[in-house]
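Quick one: the structure is below, and I'll ask about it shortly.
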């Protein structure tokens, strides 16, 4: 009996550091590598590729080790109070493969290995997985998505932005007509698609002229993925498939800051340029879920929360590029109601992914 | 065909005033008077009483007219996009009656008249009611609450703070032991209690010395009602009756600003002074719902929202002391997601009051 | 040469804890005791007194030690990056002395001892002081304030709320007419007055009935001090003395949450009840400065910042009741611009107190 | 004598619409056209050009009229409480001219006409101007900037993003080495440069594939201008010229949302990719000022304010693309201290532009 209402252990008897861990947290944008091929290399069939360019060697060594080290990952989860991690193949992954047939075969092998390592065996209760798909062949992607969900028990799909088609110069965005069969299947499967950034191809970063590393920086990743998202909305995709569920990381890739202004300006645009029926904000609240992966900024968080409400925002890390502990400490230190924290920490993810 | 994506009517063709009305809104802290007695008078059995003291005559005349004018009220609701108003007897109401027997009889008559005027007839689809109860006799209050819910179809109970007991000096707060039967019945009925401020009795405002009007100002109302709320929490009431549902108006009577600090300090208090098992914040999120009645401050709103999350906050007006249009314009002008606005505007009220 | 743009030491080579210390911080609401008398005892001339009531023994022992232990204080300042602490006599201090003559003599002795211990000798560069004054004799208080500023080099005055006058029942608030000579002198001296809470006298907490500890809790302190502040504004004091500078701790004692609503309601009040020319908000921005002493709540901070702007808010601790490290970590972890943090951390205090 | 403390005129005697106008406001990103050439046309020397593409005809007609109609502009300023407007040539303006010699001559003529119409005559007390410069010839740009400030009395320079050099495919960003003489002169003149977005050239929007209008939308403008800003910071420009003052519109073009994350990630980058000495945040607070032009989003505003503090944010409109009244109503309806509103509304602009 301490003589106090609440326990507050600290070095100084009468004060606490006011830090606690919520061990129920779920993390959603968490990268893995594979023995099948090197997914951090843009072009598996050619000799080049960026493979974590621009960053320092210490970082590369640390990250590469953690991409595949299961024990380090579980230890980090334990320290940070993370009950469950949803893993996915790191970028550019399958999307960086030039040849469609290779992409189809590689995706299948990667998904099988992911299932074996993370969804069975010692830590099966600590992991779920998002499947990868070969968008170079959208029908094959639809089939692989179906196999991931129905046979492997994966909880969704993750795509690293645009796909290479045949060479470094040609890319395919997900609003292009040939992707339609994939979207139809995804809507039918009723599982979320995580739209993740990717390392750009050289041709695309032409405008950076001497600052190509910006395209591979969080700013470039955000801009590229936000544009991809806007393309999806503008294309009418969500009128054709109102049941689609898209997840964006990094607090919505900057869109919460701009969404009101974009809708505000679209009042003046000719209708042929905006092929959808509703304002962007309405799709944002119907077809999108957002994670905090990679973000430790309070104002970005508040801005995002106001844009989508507390039922669509989900905490995440972006391990091993970011750190479980750093992101967890930030999240648990922000002031919000306990119910809001539980929603963002794990409840929204459970509901979206139908996990229990 | 306007040649624009979205309609934006305004005096200048290409701009809109960016104002809209959401006609589904529900208002919850909306006062009425009664022909049974003068509820703005503290002491019906004696000669004195404040009867809207301190405020100017224009205001008194306007407010008194609107307390009973059904047509003006419905017109104001229509203009402000309010579908439904939940009415309740204005303060101090029954709580200001000295004599218990008079209180019991008066409450019954007031509830019957409220039912007749607001819940039947021409505008029955536009109104719901909160019953008044004679807390001077807690068992009779329990019986009257039961009658209100089961026979009159009221959606909850509203109490204007402490009750006079016998004279101007003696008052009863709702945490006092004799109120227990009332709380047990309320928990069983599973309906919310709105804890509303009241005009203070002269004895209580002794410390204001020359500034008695402060006790009757929104600051005094907030302090008094916040203290009443803290008494309920500290007393252990919500451990004995975990199912109780309390509504506070005015953005939680200032408590969102202080709650973290109160819990922070309670770490150091001797346990005999805090009779409850959980931190205040935990009761706040389990037993309380908050309305914005009387508030048009963005930062107070944001502070409140963070304290309770978006599932427990409900828009309201405090008509006719405040204005439907002023409060509606403020609420609809604040930036938030559509889903959050719908929750706060009407969905949370519907769920709490089991309306539909 | 680490191969990185910025240094980021941490256990994991590629991540940092993102914590830093700004060693320039100034703390303003920092309590000391004295050998002259026991200032935590309400009534030095009588037998009773609360002397840190309600809180647990560990806390009392720890706090009492730190109130007078100079070395522990400097160590805590060093750890938390606090360059300078402005000390003041803890509550109720002089204000709790019944007899005016005793109050006058005691204040003088306390100020002399404070000067000797904190403003001269080993740590003179780490401390400044606020003087105490015997408001039981306002002219003597004016004289003592003058002596503190002009002879002892103190940077301001601190008053712990109302003063006892003669007995436990009789108190004097600072808006009362007899205080006028003190205010005139303070305006002429052009130094700030810190209006600090105090432990209440038993008579005042009558309305708590069984929850007297609430009056001595942060909620009760805030309410009492906010009411005192409103009395000052309503009384017309700041029209008579527009140059007065008042400091409030604890994020403005809850007033930022309510100020807009109070002004909003005062529209309807009879003019004889509000004796000042301007709205409360205008005095708030002209005559008040706010500290964060005792607060570690982000939303309370944001609310306060919006109410007064970044040139009037100042970080503080409330040592030893609160902890330098806890309050410093909170402040330095909140997201704001560097210029805003420097203003709140030390620049505003330097300007207000004319330090350098 | 109304019997009220404060006046509150409204249709209902006891309520006010709570709206007021602050007639001292200054607007800074306000576009004009010129009789010298058509500045909304990208390529004056060729046959094509966008000339307000994508938007509807009503909007184009309205905007084109208001770009040159002085009386409409002053009336709009009067209605919205704008004392002073700082005008500048609309985009792409001089930057869209292919031929350097033509650019030099045109800039001179435009500045002379701007001076004649806005800085002399009937409304000279209501306008100030930012000069345009021919960056196709940086030394000539430096000379023209000097003439604008020293001879015409302009208060700064505005540049619409990158400049065409010779043809549609070749562009020049302001961080390129040949721009150095211009920056040296600008630092010496000690006046701000407004870095404004521009309509993109076709070649640049290649990645939009079917969604070119996005490049000309507020999202595309923001991304392009943010990238231009990052290029300036990364290039080391502000280490070479620490006195430069850059203004960004549109709440900092989205950078407040991302700045913390960019700095957070730059920890891991190889130093050769980031040529500057300080973190981005430090340049942001030393070399940048931000306007709200084109923004009416509270959360974007709050995010921006936190990133730069209240001494570097300035209200603006973006007339005639946006509306004085709409932007003024938004700004004056947001809750902030009066001192903060005065700083953002006009005081910061006066200080930055040394007006008075």
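Read from first to last, the chains carry the letters A, B, C and D; within each, the first residue is number 1.
FYI, contacts are C-beta pairs under 8 Å (C-beta built on N, C-alpha and C of every residue); 3 or more make two chains touch, one makes a residue touch a chain.
Computed from a predicted model, the values in this text were never measured in an experiment.
Contacts with chain A and chain D are shared by B, C.
Chain centres computed from CA atoms place A at the largest separation from chain C. Simply put, of B-D and C-D, more C-beta pairs touch at C-D. Each chain gets one centre point, the mean of its Cα atoms, and the points for chain C and chain D are 44 Å apart. Centre-to-centre separation between chain B and chain C, using Cα means, comes to 35 Å.
Chain D has its Cα centroid 48 Å from the Cα centroid of chain B.
Under the contact definition stated at the top, the residues of chain C that touch 2 or more other chains are 3-4, 14, 16, 18, 56, 59, 260, 264, 266, 268-270, 296-297, 299, 306-307, 335. Those residues of chain B lying in contact with chain A across their complex are 3-6, 8, 14, 16, 18, 260, 263-264, 266-271, 274, 279, 281-282, 285, 306-312, 335-340, 343.
The touching residues of chain D, when paired with chain B in their complex, are 2-4, 12-18, 56-59, 62-63, 296-299, 322-323, 325-326, 329, 333-335.
Residues 54-56, 59, 173, 204, 207-209, 211, 213-214, 217-219, 222-223, 226-227, 230-231, 234-235, 250-251, 254, 256-258, 260-262, 264-266, 268-270, 273, 294-297, 299-300, 302-303, 306-307 of chain B are the ones touching chain C in the complex.
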